[in-house]
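The structures considered in this document are given below.
After this come two complexes, each holding chain A, first together with chain B and then together with chain C.
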Partner chain A sequence: MSKRSILAIVRQPALVLPSLIFPLFFAALGTSSFGRATALPGFPQVDSFLDFSLAGSVVQGVLFGSVTGGTALATDIELGFFDRLLATPTSRVSILLGRLAGAAAFGAAQALFFTVVLLPFGVSIKAGVAGVAVIVVSGALTAMAIGGFTAAMALRTGSSEAVQGSFPLLFIALFFSSAFFPRQNMDGAYKAVADANPISYLVEGIRGLTIEGFTAANVAKALLVPVGIGVASVALALRALRSRLAAR
Partner chain B sequence: MSTPGTHVLSHADQAPGGTVLRSSRGIALRGLRAIVRLPSAFFPAMMMPIFQAIAFSGTFFAITKIPGFPTDRSINWFLPLAAVMGSGFSGVGVGFTTIRDLESGFFDRLRMAPVPRTALVIGPLLAVWVRTLLVLAAVTVVGVLFGARLTGGPMALLTLAAAGLGTATIGAGWSLGLAYRFRDMRAAALMQLGLFNAIFLTNAQAPLNVMTGWLHAVAKVNPFTNILRLGRQGFLGDVTWDGSWGGLVAIAVLTALAWLFAQTGLRRLDA
Partner chain C sequence: MSLHVDISLRLGTLDIEATLDVQPGEVVALLGPNGAGKSTTVRMLTTLLRPTAGRATVAGFDVATQANDVRRSIGVALQDAAIDPLMTGRELLDLQAVLYGIAPSAVRTRGDELLERVGLTAAADRRVGTYSGGMRRRLDLALSLIHQPTVLFLDEPTTGLDPMSRITLWEEVRRLNREGTTVLLTTQYLEEADQLADRVAIIDHGRIVREGTPTALKAEVGAPTLQVSVAADHVETARDVLARFGELRPTPEGTLGVGLSGGATVVTDVVRALDDAGAPVHHLELNEPSLDDVFAEATGYRLEGAGS
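Moving on to the complex of A and B:
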């Protein structure tokens, strides 16, 4: 099942290209537009805004890419392929976990892609190769965590349009976090929302590995936040799977 | 039972030869009825610029503290951007509608009906302008609620409307040109990407004097920088002729080019 979901991405690259191109475009725009913001009081010590942007690009790409897996599962339901799978002697849970494993593999590839592409433009990762490895694992875990939500939506609604409709929610979750600017430089209600948003801590973990170095706190944030989100989302997806199977 | 299509045709039938005005009005009304009948298609176009204005001004709140930034309110900087971008996407919406009409065969029925060709262009454009005014009103009201100030007085609304309607007109011409050429949804991504890039490769996020690097060089020659300047000036200071003429010229030239692109596409479709 995982192999099938990865092959689907390889065979239809147009589906995932936006999740690879847009984060790079925003990183390039941000570096030129906000380069001077790095001198603002409270802004983390960075060599360039691009160093600061890498974490936001990784999380943005992985979040948007995760919608693809849920949409593909919903399409399987719409086209009847899901029912054909149920007619085979396949473990029911593996249908879901296979899809999530495929999403995780793509998330890891995305994280590596952004890191490798931005390196020649001057990004330096203070945590070194070990830091890159943690960023890649964090990308995989985040993709699985968000993929859990989109899979739950797919299983609940059976509609690819409904899963696509979750895109604005992810957009909101991303923008109301510290993905594009530090929380220290936010103010008022907006800062309060960003403070409460787990995406902020995930981004800051990855960012810490890039601009500070390999510390236990940065690794914990980069890995434990997606694990926490993933536990909740996979539980939701499993519940949605049980409901769908019970309704048959 | 009357469908949107038969309604338009009956209007044209009532006017032998189909006057441009009456046919355009029929087609425009059809486009506007879609807001009520298919709100799910219009609502995101209305909500996205509102979200953009709030999210950008919250996220990038601190950039107003960069020396040389022209306002101390981030919402004053980002509201016009969101309004102009939302207007542009309202314009692009007509391309989506046209693709649906081309795919469903309704566009062929329109072409066979005694409807003047000009009405096929003016009608959708009128609908675009009404939708754009709705978007501009919604974004401005929400922006003011979030603290935006019209430093240029009521003229700020006028220049914002000019920038918004201009961008919508350009977006509509661009998207119709692509719709007539591609005739299917493959054009949708190009329509959006083209406008998105054109607007973001400007002083969209930061003023020229604050920018660094490659974007500064691109934004300086991008005509949409002038259009944004036109829409923004009443939120950053007074409305002046100096701040307006560049945007008005850019709108005039880009509108002419975009609609030439649409007209040649329509001719290709007719051929």
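Moving on to the complex of A and C:
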């Protein structure tokens, strides 16, 4: 099943290209427009705005990419492929986990893609190769965590349109985090939301690996935040799966 | 017994009660129009839908309590033939094997055999998105056979197919049956039921209204049907006249039908009587009983596309 999810991505480049191109576009736009923001008091110490942007790009790409997996699951339900799977003796849970494993593989690939593509433009990862490895694993875990939500939505609604409708929600979740700007330079309600938003801490973990180095705190944030979100989202997805099966 | 069914399902406006026994090696057709409850019955028997009451066993296993044993014993080709268009035929066969807990390498030969059987060897490595409707159905059949099931469910296997593809699929079903596979198929085509099935169960509004071998069912209807057309303003007169020769039967619009209780020999009497009553015959047709007549007699209407 995970192989199938990956095939679906490789064979429908038009579906996944936006989640690869837009974050790069944002990074380029940010670097050219906000380059001087790095001089603001409270802005993290960085060599370039691009160093700061990398974490945002990775998380943005993975978040948006995760909608694809949920949409594909909903399409399977709509078209009846899900029934084909259910008519076989395969474990119901493995149908879901296979999807999520596919999403994780794509998330890892995205994280690696952004890191490698931005390297020639001057990004440097202070945490070195080990840091890149953590970023890739974080990408996988984040994809699985957000994929859990989109899968839950797919199983609840059985509608690919509903799942695609979650895109603006993800955008808002990302926008109200420190993905594009440091929390230190935020104020008021915006800062309050960003402070409460787990995505802020995920981004800051990856960002810390990029601009500070390989520290236990950075690794913990990059890995444990998506694990925490993932536990909740996968539990939701499993519940949605159970109620879909019980309604038969 | 391959199948023992005594189930009912109430789900919203859906109300199904089905009783049916299928012996090993039989081909049984559930014949009925769209919305009669054929697919829903199949979904219950293939563990995709839980009956609200009653019990059904497939290959000796209870569909409700031994669902996984049922799934291992059956092959299922559902109506929509939902096949991932992005995958190739061979990849789907591999996936199907994995879903049944078989290593794809272990069924490589069987996969190749199946592809050859359904005539898809050349297309095996092409994406399913490029397949025609007939090719998809044939692939669907191959997929349903990867684990060598003893009971095969085919839900409207040829709906929407061109006549050639239909015949190819029929031949394959016959061959599978000769090899010992029990087949339960649903169809809205009378000819399909007539051609393939050892026994036909006519289903209408969620109830099995007739069941038997095609020959026995036709014999039950008995009398041949005389179908006549007369001028529009003579229809009422003609109806009265025809009623004297037997039971009126539903026939295509613009025609009248009667089951001739006196057999084919009374046709001339009917024509003469109509003439005498001032309703001369414009056109007439005598039909020996067909499954269509059985269906009409059982349900009070004819299946759309009858005889196609």
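Here, the second predicted complex is superposed on the first by the 248 of 248 C-alpha atoms of A that agree within 3 Å, B and C clash if a C-alpha of one lies under 4 Å from a C-alpha of the other, contacts with A are read in each partner's own complex, and residues count from 1 in each chain.
Here, a residue touches a chain if its C-beta (ideal position, glycine included) is under 8 Å from a C-beta of that chain, and two chains touch if they have at least 3 such contacts.
Source: prediction; values computed, not measured.
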Greater residue coverage of chain A in the superposed arrangement, chain B or chain C: B
Which of chain B and chain C A:D83 touches, first, second, both or neither: second
First (chain B), second (chain C), both or neither touched by A:L20: neither
First, second, both or neither for A:R11, with chain B first and chain C second: second
Which superposed partner A:F175 touches (first chain B, second chain C, both, neither): first
Contacts of A:I135 with chain B and chain C, given as first, second, both or neither: neither
Contacting residues of chain C [partner chain A, same complex]: 43, 46-50, 68, 71-72, 74, 76, 78, 80, 82-84, 86-87, 91, 95-96, 98-101, 127, 143
Complex contacts: residues of chain A adjacent to chain B: 25, 28-37, 39-40, 42-43, 168, 171-172, 175-176, 180-181, 185-187, 190
Of all residues in chain A, those that touch chain C in their complex: 1, 3-4, 7-8, 11-12, 76, 79-81, 83-90, 248
Complex contacts: residues of chain B adjacent to chain A: 44, 47-48, 51, 55-56, 58-63, 65-66, 200-201, 204-206, 210-216
